[in-house]
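Okay, so chain A shows up in both of these, paired with chain B first and chain C after.
After this line comes the complex of A and B, so read on.
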């Protein structure tokens, strides 16, 4: 089966699932149909502003259109026709007014038509995706909810269009956690004049940033639980690094290691039941495993050198990490049972923060010293080949994969201060996610 | 010597000096007994004149240098610390010769103030990664703690913490800044 056939089969499957969820009789024209572009080129999408059906929804309508355009552009499966070229196209007030000929003249293969109506703080969003050539609606859906975050409607629509048209798991509703000094608070009761760093989360595009710790201390290296409801992180609130797990939607804090020893860099196992982390509890930085509640502690590495920066394989059977046991920091892999240790990187002078990609990709991204600073490189586990995806613009560190494996977020100093950027795994499609303060150690949610 | 003891001794010496001053100054030594003199028991000699006791020089001022340290608040002490930092080479947690000399001087200070408890902070320059530097800073702090312990300082008085490259002392991006930022920094946490 070719890739294209897989896409078709999956799209058909997705369509039948949608049909099952909506018992209403399905119009023949509503059956999921993949819109294609001219041979050899991606389909060209137009996403104009949504139509405001109530006077107080004009701002929301513009936001949803703009964000949907950005979300659909992000995966680079479609060519998004720039919005500033739509001025000559007559505005349709209803689905039967869509000016197909004008859109076709602009070169589009697909156009989104959406409306938004507001009642108090509630909104109703309707959206259709039209195939310009057949003039048929291939995707039609209604959403209701709060007017507080109109971007969420765009993110949801984008994920569903990617799923239907490309059998692709979009990431528009995912979030990125990171450590930031943007509040510019100073440490309480310290002898030094030092900046506080707190843990923040934001949408994958940087919008809706929210602080989730308020300890006015150093808080670093957040990671998401697989269900994206908890964040484990390193905090200095005890005066030394220790692990905390914030159940961010409940406002509850778990303390699996409970103080007394120094622990940092937690990472949830893919099933969320275990945490691997670095600890100096036995005198030297080593890797340890424990259950999420802190029970079942087990030491994973035993070496007088530094062992740190662990990451899980997607199956939870192996752990990649950094060790300087050969004299410089290099990436190694060890079984989750502590056996079968092997060295991965051999051509780097310094490599750290391995991050294992999700399936279907089988690769490990890491930060490699390439000069005065670092660049992001990717090690292909199947071939053993390494490719570089950043090239000396600032220092680039701390890679983390999007849950669909197609993008990485990382820290870069290319604009001056330390900021979070996202980039395709092919090194294309750079986007800046944060702009306020210094922002570090990103983690991408499922 | 505590401040209290100093005051008591000072007061006592002032009293002593005051008593002595009641007698006129007489420096005449007691003459040696003449040869063939009759036993002292037979003819009791007059009591020898009192010897005046006096400080050779006016009392020196109370030594203040040490107490200026001991009496300062923790914040003041740490802002202008009597401890010098131990510096490290790039990617290294080993104490070199100058580093051992600084650590030895710091150990002497810890012996002088046995109540002090310190935290040795391990810091790194920005040329390491954020994650690895957390471990490298820990190694630097522990290396200093181990060396201080080998000089006889109780490990119970030394805590360690790594801040990786989170708190550079010099915000610069050159060799001079990096050199200053690769350090074990001493903080007095209680006294």
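After this line comes the complex of A and C, so read on.
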């Protein structure tokens, strides 16, 4: 949502005409807008490079085509025909030149035709989606804005195609926040020479990584506010863990707990008005609730064991968390009013970092010990069944759900260092998001 | 399940600082396996209703042809291939450049990596190998060559 607003803002700043222009339907009542594939198979999409209408837009045109291919492949709703098979198909310079017969011969059900024109730092992107069988355009849009981030046009097109063709909320414009040591700075003001971790945000595919904090201390466990404009995180900048909220588009920092006590692992409520977090202010780690500005503090759990790592249910009425009150860390659920506490996991030797899936899936993902490391498991709240989605490749921890519930991001050591990966909730479609430094504790934005 | 890599003196020293756990390195090398498997599984068969619209394929004759089931993927290689470099999947023309991708699409929902090739008797070995190349590129491990009984049409 936010990124979309950024496009609009950029376009408005450029003083250009903005928005989508739907062409008049040729047969208003009869045109089938949804492209279907052969019975029993997903529709097959071809996404060639966009056409550069001005000489300086060639690089942009290639980027947009490739990113759109990746975005459409990510949701696995379509079969994306590999781009290296397009080489012998003639390049269309205008929509009426699209070689439908050749695309059909390649097995394609749908083909994207797009153009990019650049004037100074402004670009104009036009895109159409053609049904190969009927040779009709079923989707036609036009975007204007800055040339600084061409990937955003591809992300926007992918989300709109998923919405129109599949009534699916795509995640191509979402972001992932994480904690990373990739800048290789060292801690200041200490005798020891220690690594620091700063909070970063990046596109869901790892591109456009941006640093959020600059404190040269340990900054950990970022979480997004529901409007994706603020990030709450744990920082050791005072020498002990405390909570901070960064308004990333304003460059403003809030300190709701205001120091003095140890607080960590914040999580925004689904309506964004409250924060649940862990604090040892009364002796041992317990869960606390407060309003976003730090007022209305209320203690949620009361037990001599450790209660930590809270996550909200999508409706905001319940909180899942980790507690070792039974001897080992296990997942529990408690009402947001502190009542109706119950234990969830019973078959695990060690379960931590629960995260509650957004609708329509009512499930909780967590990290469970399986041998030397951890794997991601998913607890289905309707049936009580647990399924495993990673299988012992490195240690896999800190799951977080995409806003449409279809994917998870997590930290894995399967390639050596600690990196962030995304995976479908069925355990398929693994993608590596980060490659630089060590990257931990991802959080997926709305 | 990761295995602790035994500390041999010169084995992957970079990957085992401390008590580092690494992924197991034992994977079947598929490439030579595919090479061997692609040696033809020649299946003789009675020519089923063959010559549908468009494609005319004169199957080679073999006196020991056998029936094969109909739920198979057939690739037709007619004599006209020499002119237009096109083969046929389910009676649909496909140029050679696209054959690997089209076969990959067909194979998505199948577990047997097997196609039957209905080649014309006129097709020469060079042309046959071009088609085999593309089938191999698509991950096909076995190709059955279809024939007909003497005197059969």
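Keep in mind that, in the parts below, the second predicted complex is superposed on the first by the 414 of 446 C-alpha atoms of A that agree within 3 Å, B and C clash if a C-alpha of one lies under 4 Å from a C-alpha of the other, contacts with A are read in each partner's own complex, and residues count from 1 in each chain.
By our rule, a residue touches a chain if its C-beta (ideal position, glycine included) is under 8 Å from a C-beta of that chain, and two chains touch if they have at least 3 such contacts.
Keep in mind that what you see is a predicted model, and the values were worked out from it rather than measured.
> Please indicate which partner A:414 is in contact with in the superposed arrangement: first for chain B, second for chain C, both, or neither.
Touch partner of A:414: chain C, not chain B.
> Now for A:372: first (chain B), second (chain C), both, or neither, which partner does it touch?
In the superposition, A:372 touches chain B and chain C alike.
> Considering only the touch criterion stated at the top, classify A:398 as touching first (chain B), second (chain C), both, or neither.
A:398: touches chain B, not chain C.
> Is chain A touched at more residues by chain B or by chain C?
Tallying touched residues of chain A, the top partner is B.
> Taking the superposition on A as described, I'd like to know which of chain B and chain C A:82 touches: first, second, both or neither.
second
> Touching A:97, do we find chain B (first), chain C (second), both, or neither?
Neither partner.
> Using the touch definition from the top, say if A:214 reaches chain B (first), chain C (second), both or neither.
In the superposed model, A:214 contacts neither chain B nor chain C.
> Quick check on the output: what are the common chain A residues between the chain B footprint and the chain C footprint?
372-373
> What residues on chain A touch chain C, complex-wise?
Counting only chain A, the residues touching chain C are 40-41, 44, 79, 81-82, 85, 87-88, 105-107, 371-373, 391-394, 414, 416.
> State the interface residues of chain A toward chain B in the complex, per the touch definition above.
Going by the criterion above, the answer is residues 191-192, 194, 197, 218, 220-221, 234, 236, 239-241, 262, 264-265, 278, 280, 283-285, 306, 308-309, 322, 324, 328-329, 350, 352-353, 367, 369, 372-374, 395, 397-398, 411, 440-441.
> So in the complex, which bits of chain C are touching chain A?
Residue positions touching the partner: 1-2, 4, 15, 21, 23, 93-95, 97-98, 100-102, 105, 108-109.
> If you look only at chain B, which of its residues touch chain A in the complex?
Its residues touching chain A are 74-75, 78-79, 91, 119, 126-132, 134-136, 138-139, 142, 159-163, 166-167, 187.
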